[in-house]
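Both of the next two complexes hold subunit A, though its partner changes from subunit B to subunit C.
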Partner chain A sequence: MMQRIRKTRAGRKLLANRMALGAMLIIGVYLAAAIFVMLGGISPSFCNQPVGPPNIPGFFAEAPAEKRLVNAENTLAVVDRALAKSTPESQQASLDEIQVGLRKLEKISLDDFELKLEKAYAIYDDLSASPDLENDESGLALLADLESEVESLTATPTFSQQVMETIYLSLGTDRQGRSIFIRAVFSIKVAVQIGVVTAMISVAIGSVLGALAGFFGGWVDHAVIWLYSTFSSIPNLVLLVVLAYVFSSINVEIFGKAIGQTLIPVYVAFCCTFWIGPCRVIRGETLKIKELEYVQASTTAGFSPVYTLLRHVLPNTIHLMLINFSLLLIGAIKSEVILSFLNLGVQAGAGASWGIMIRDSRSEVLNSFFWQIGAATTLMFIFVLAFNILSDALQDAFDPKHV
Partner chain B sequence: MTLLQVKNLVKHFPVRGGFLNRVVGKVQAVNNVSFGVEAGETLGVVGESGCGKSTLGKTIMRLYPPTAGQVEFDGTDISNLGRTAMLPIRRKMQMIFQDPNSSLNPRMTIAGTLGEVTRFHRVVPHSDVDAYVDELMNKVGMRPDDKTKYPHEFSGGQKQRIGIARALAVQPQFIVADEPVSALDVSIQAQVLNLMQDLKDEFQLTLMFISHDLKVVNHFCDRLIVMYLGHVVEELRCNNLTQDAKHPYTQALLGANPINDPDERRPLTVLEGDVPSPYNPPPGCPFAGRCSMVTDRCRVENPPLVQIGTDHEVACWEVAPPTEQTPVTQDAAS
Partner chain C sequence: MWAYVFRRLIYNIPVYLTIIFVVMALLRVNDPVYAFLGKNTTQEDIDRRREEFGLDRPFLTQYGEFLKRLAFFDFSQESWSRRGRKVSDEIAGAVIPTLSLTIPALTLTSLISIFVGMISAFFRGRNLDRGLVFFAVLGMSISFLVYIILGQYFIAYLPQKYFESHDMKETWGSVWFAIQGYEPGLQHWFHYIMLPVLISVIVAMGYDTRFYRAVMVEETGRDYIVTARSKGATQSKIMFVHMLRNALIPIVTRIMITLPFLITGSILLEMYFNIPGMGKTLITAINEKNLPIIETFTSLFAGLFILSNILTDVLYAIVDPRVRLT
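Moving on to the complex of A and B:
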């Protein structure tokens, strides 16, 4: 494989381009992440499951003191509510259900819980009196005490639990306590899936129609030109809005999900407009190639037009298909983010998406919490940038005039 | 025996434009051309760029459907045959193309290009295709090991040899060579021409050699037709071109050729003006606008081809005015 690539001029140029190699490495990492998610590494429901207190910052930074106090109080309130149940059995049952982040409560007697809770609330009452917690040293010391009290309510985590917690909380949590890291990584799979599927289908449709139009000319050409002029006059987003509504109103189930909850409306809407680009390019190239002498030689040898098209014309447009594929892939990912932001693309049931994350982070940004929007946009930025560099490099590599 | 007979062949290309893509005109690339090619001979076709020589060759090869007229190959009229009916004819007539850089598919190895044709026409049993390709490579003077390479790994001359090998792969009787050496260096031209001469002798090929280089044609061909703006203006044997050529256009072409001997002098004939547009050709003789001997009649009426000697026909009112006795082989173009 590698040797075949090295044998071609374009392949050598691509491998000599360091930017392209770097971009390919990054894309490889993203693809690996996408495949990991696809193989069941992260389920869509897990994306939507809280793993810790809400809005804790990433890189294990300390949350503002106010926030820490509220989080500690929330945990205490949950335990308090469980202990307020009428019978000891129901109290125990409620306590068993409580989970603080990933941790279960410690297995101690109800009386011990009462004692711990009382102690914690005593510290909490002291703290609440403090007017300016952030700059109050004794207050901060008390807060640390309170947090250790709250932590002592929960069972000591096992080593694997600790590792998981480290990973899940590495980029913080969102307003519902869901792991930003997990959601951002899951979104890679959604983005890659939408990008690859739409780019492949669009390039396939565009290449076939473009090649037929260019090669056979006449009414086929007129029909294809009419078709793509018509489709390109429909604004992409408007078509998508229409399709999103249409799909959400029809009751068809695919793989046990309502069709509106899957990615199918997104695929259909993107493919409807995305095939136009490759179609134009491939048609133009086919027009050029079909006048070349090796195509005429194929005719004088007696080969059928369809054979000539498949054997001599299409293989010489592969570079354009590749370039268009990488361009459309970026286009699809960017459009998907915009649509999900507008609540028209990926639905919550399908897991997470960068667009959904950016939408969710609107209220957080007002509270100076940038971790969610930061994670989503950074991952998208790197991915799109890497693909842009790659498609540029592809274009350079395949351009015979570029040295 | 006449292998190829072309009768009143016309090829016009429609020009579309205006509202609803109507046909608004036509480019008259080949106009009422008639000639024959004897088995075993080499016929040269000369004329300047845009005179329709390549179109003539490609129409004979049925790369373009003819607008009117017949092409008879080996007694069969091939001007209206469908693709499958053409297949047996395709095995007998092949084409060598002009530009070696675009005549080979860049994504196919040489073995692929040569083997494809061989397999398609079942020239040899499938198991022998590899050996046959080796043989072809040897025939055109290339190493059989090179057949696994791609076209870009070869020089122009080598690519042209491969183009020749592809034409020979089906073991044809007749080959249209469309300016096979005009894209090559002069040193390589001679090699390729000698190769073609050798192959012609070896396989008893009949050649139609399209060129704009009178020297090459004079060296290589038995007979010559001179074309101007889609018309045949003179048809003659190549034995003694400088003396025999009668048509003022042929003479002008000969005059444009440099002479090897610095002491030899000849009157300089320089053609004024340019070839008229085939889209809108003038009435009368197509050459009238640039001819030194032009008369009023030339501007009105197109001269027919008139026989003035053995294998010598000229279309010119001044050089060969038609009489009742002389057979007229071509009607004045309408």
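Moving on to the complex of A and C:
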């Protein structure tokens, strides 16, 4: 395989481009992550599960003191509510149900819980009286006490649990306490899935129609031109929105899920508009190739037009398909963000996507919390950048006239 | 030329009819009246409304009537969700906000990116060019939404908060970029519209700069540049007179293709900054299942797209005498 690529001029040029190789490496890493998620590494339901207090910053930075106090108080309140139940049995039952992040509560007697809670609340009362917690040395020390007191309520995690927790909290949590890291990584799979599926289908439809139109001409050409001028005359975003809206209200079930909950509406909406680009390009290229000697030779030799098309014309447009694939993939990933903003893209049941994360982070940004938007944007930025560089390199390698 | 325009118009009629057919059919896949009224309505209510809206008739009759109205530019249909308001009122109210956003945005983007593209092409292969191309690719790789969210926060929200806490709300706060909203009148233009314009310029810059650079680079290799240089023309004269003139064809095409967006507007920016333009009106109508507005707006937009395509080809022939319209 490598040998064959090296033999072509374009292949050599591509392999000599260090930026392109780097981009391919990055894309490989992303694909590996996507495959890991797809094989069950992260389930969609896990994406939506809280793993800690809301909006804690990433890289284990300390949240503002106010916030830490509120978080500690929230945990105390949950335990307190459980202890307020009437009978000891129901108290125990609701204590068993409590989860602080991913941790269960410590298995100690109800009286011990009462004692600990009382102690913690005593510290809390002292602290909440403090007017300026952020700059108060003794207050901060007390806060640390309170936090360790709260932590002693929960079961001591095993080593593997600790490692997992470290990973989950590495980029902080969103407003519902869900792990930003997990959601961002899961979104890689959603992005790759949307990108690859829509780009592949669009390029396939576009190339087939474009090649047929260019090769056979006549009424086929007219029909294809009519089809794509129709689709391209509806503003892109409007068509996407109308299609997504139609799908969201259809009650058809696929694989046991309502169709509005799957990614199918997104695929269809994207494919309807994305096939036009490759179709135009490939039609133009086919018109050019059709006049070349080897195609004429094939026709003269008596091969059927279909054979000539498949054997001599289509293989010579593969580089255009490749470039278009790469460009459409970027387009799909970026459009997904916009559809999600309009609430028409990936639905919450399907897990997470960069679009959903960026949309959700709007209110967080107003509170100066940048971890969610930062994580989603960075991951998306690197991926899209890699594809942008790769498309440029492909264009450079295959189209020497292009600058 | 007029024969060409006429022929293209005729040729595009079936395209236009299909578009309207597809959009109308798509919107009727699910009962639009039921979707509009919501789940808590009786069958009688739905039937009554359906008759009122004229949706009880066969689809082809509805299609024919819509076409007839469109042909006579009769937009007097009543909006579903706001009684008494005609579709034409909605259009009239939305055009000006949209144009006040898109015209400056398109002008600024084109001017700046043509200039940057020229500079980049002039210094081709050198560090300045590499840096500009690199930044263009970087800029293209960030989502539109991120620009909007961060731009709004850092350029509008933080300064406005600062003004509020320092008692400058009356003086500075009403001049500096607003967080969102819209008020008619030229004196409010900077306050409400300038920030969306800036953001859309920044977003479009990446794509346009690369395109114009490619156009200019193609021109730098031409013979007439060598001729101009050998007869002693100054560098700036070569760039701004000889090159720019010849690069005008792709530039004009590029700008013409984006013209329909003047009307359709930037849906995202209008949604985010709460500007009551065409895009926002359409999205609101879709959310409210407001059929007359969705249908009229999409058919208007599609018509504009088709007209601008024809106009592009005609202008192409005017700018470049080698192109024959056949």
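We take it that the second predicted complex is superposed on the first by the 399 of 403 C-alpha atoms of A that agree within 3 Å, B and C clash if a C-alpha of one lies under 4 Å from a C-alpha of the other, contacts with A are read in each partner's own complex, and residues count from 1 in each chain.
Throughout what follows, a contact is a pair of C-beta atoms (placed from the backbone, for glycine too) under 8 Å apart; a residue touches a chain by one contact, two chains touch by 3 or more.
This one's a predicted model, so the numbers in the text were calculated from it and none came from an experiment.
Applying the stated clash criterion after superposition on subunit A shows that subunit B and subunit C can sit side by side. Of the two partner chains placed around the shared chain by superposition, subunit B is the only one that A:Ala301 touches, whereas subunit C remains out of contact. Shared-chain residue A:Thr317: touches no atom of subunit B or subunit C.
Of the two partner chains, neither subunit B nor subunit C is touched by A:Gln193. When both complexes are overlaid on chain A, the residue A:Glu293 reaches subunit B alone and has no touch with subunit C.
In the superposition on chain A, A:Ser202 makes contact with neither subunit B nor subunit C.
Comparing subunit B with subunit C, more residues of subunit A are touched by C.
Within the superposed three-chain model, A:Asp392 lies in touch with subunit C and out of touch with subunit B [touch as defined at top]. In the superposed pair of complexes, A:Leu342 makes contact with subunit C only, with no contact to subunit B. Taking all C-alpha atoms of subunit B against all those of subunit C in the superposed arrangement, the shortest distance found is 5 Å. Within the complex formed with subunit A, the residues of subunit C that make contact are 12, 14-16, 18-19, 22-23, 26-27, 29-30, 35, 137-138, 140-146, 149-150, 153, 157, 213-214, 217-218, 260, 264, 267-268, 271, 282-283, 286, 294, 297-298, 301-302, 305-306, 309. Partner subunit C is touched in their complex by these residues of subunit A: 226, 229-230, 232-235, 237-238, 241-243, 245-246, 249-250, 334, 337-338, 341-342, 354-355, 358-359, 361-362, 365-366, 373, 377, 380-381, 384-385, 388-389, 392, 402-403.
Taken in their complex, subunit A has these residues touching subunit B: 9, 292-294, 296-297, 299-304, 311-312, 315-316, 318.
Residues of subunit B that touch subunit A in their complex: 58, 61-63, 83, 86-87, 90-91, 94-95, 97-99, 102-108, 113, 116-117, 120-121, 152, 163, 166, 170.
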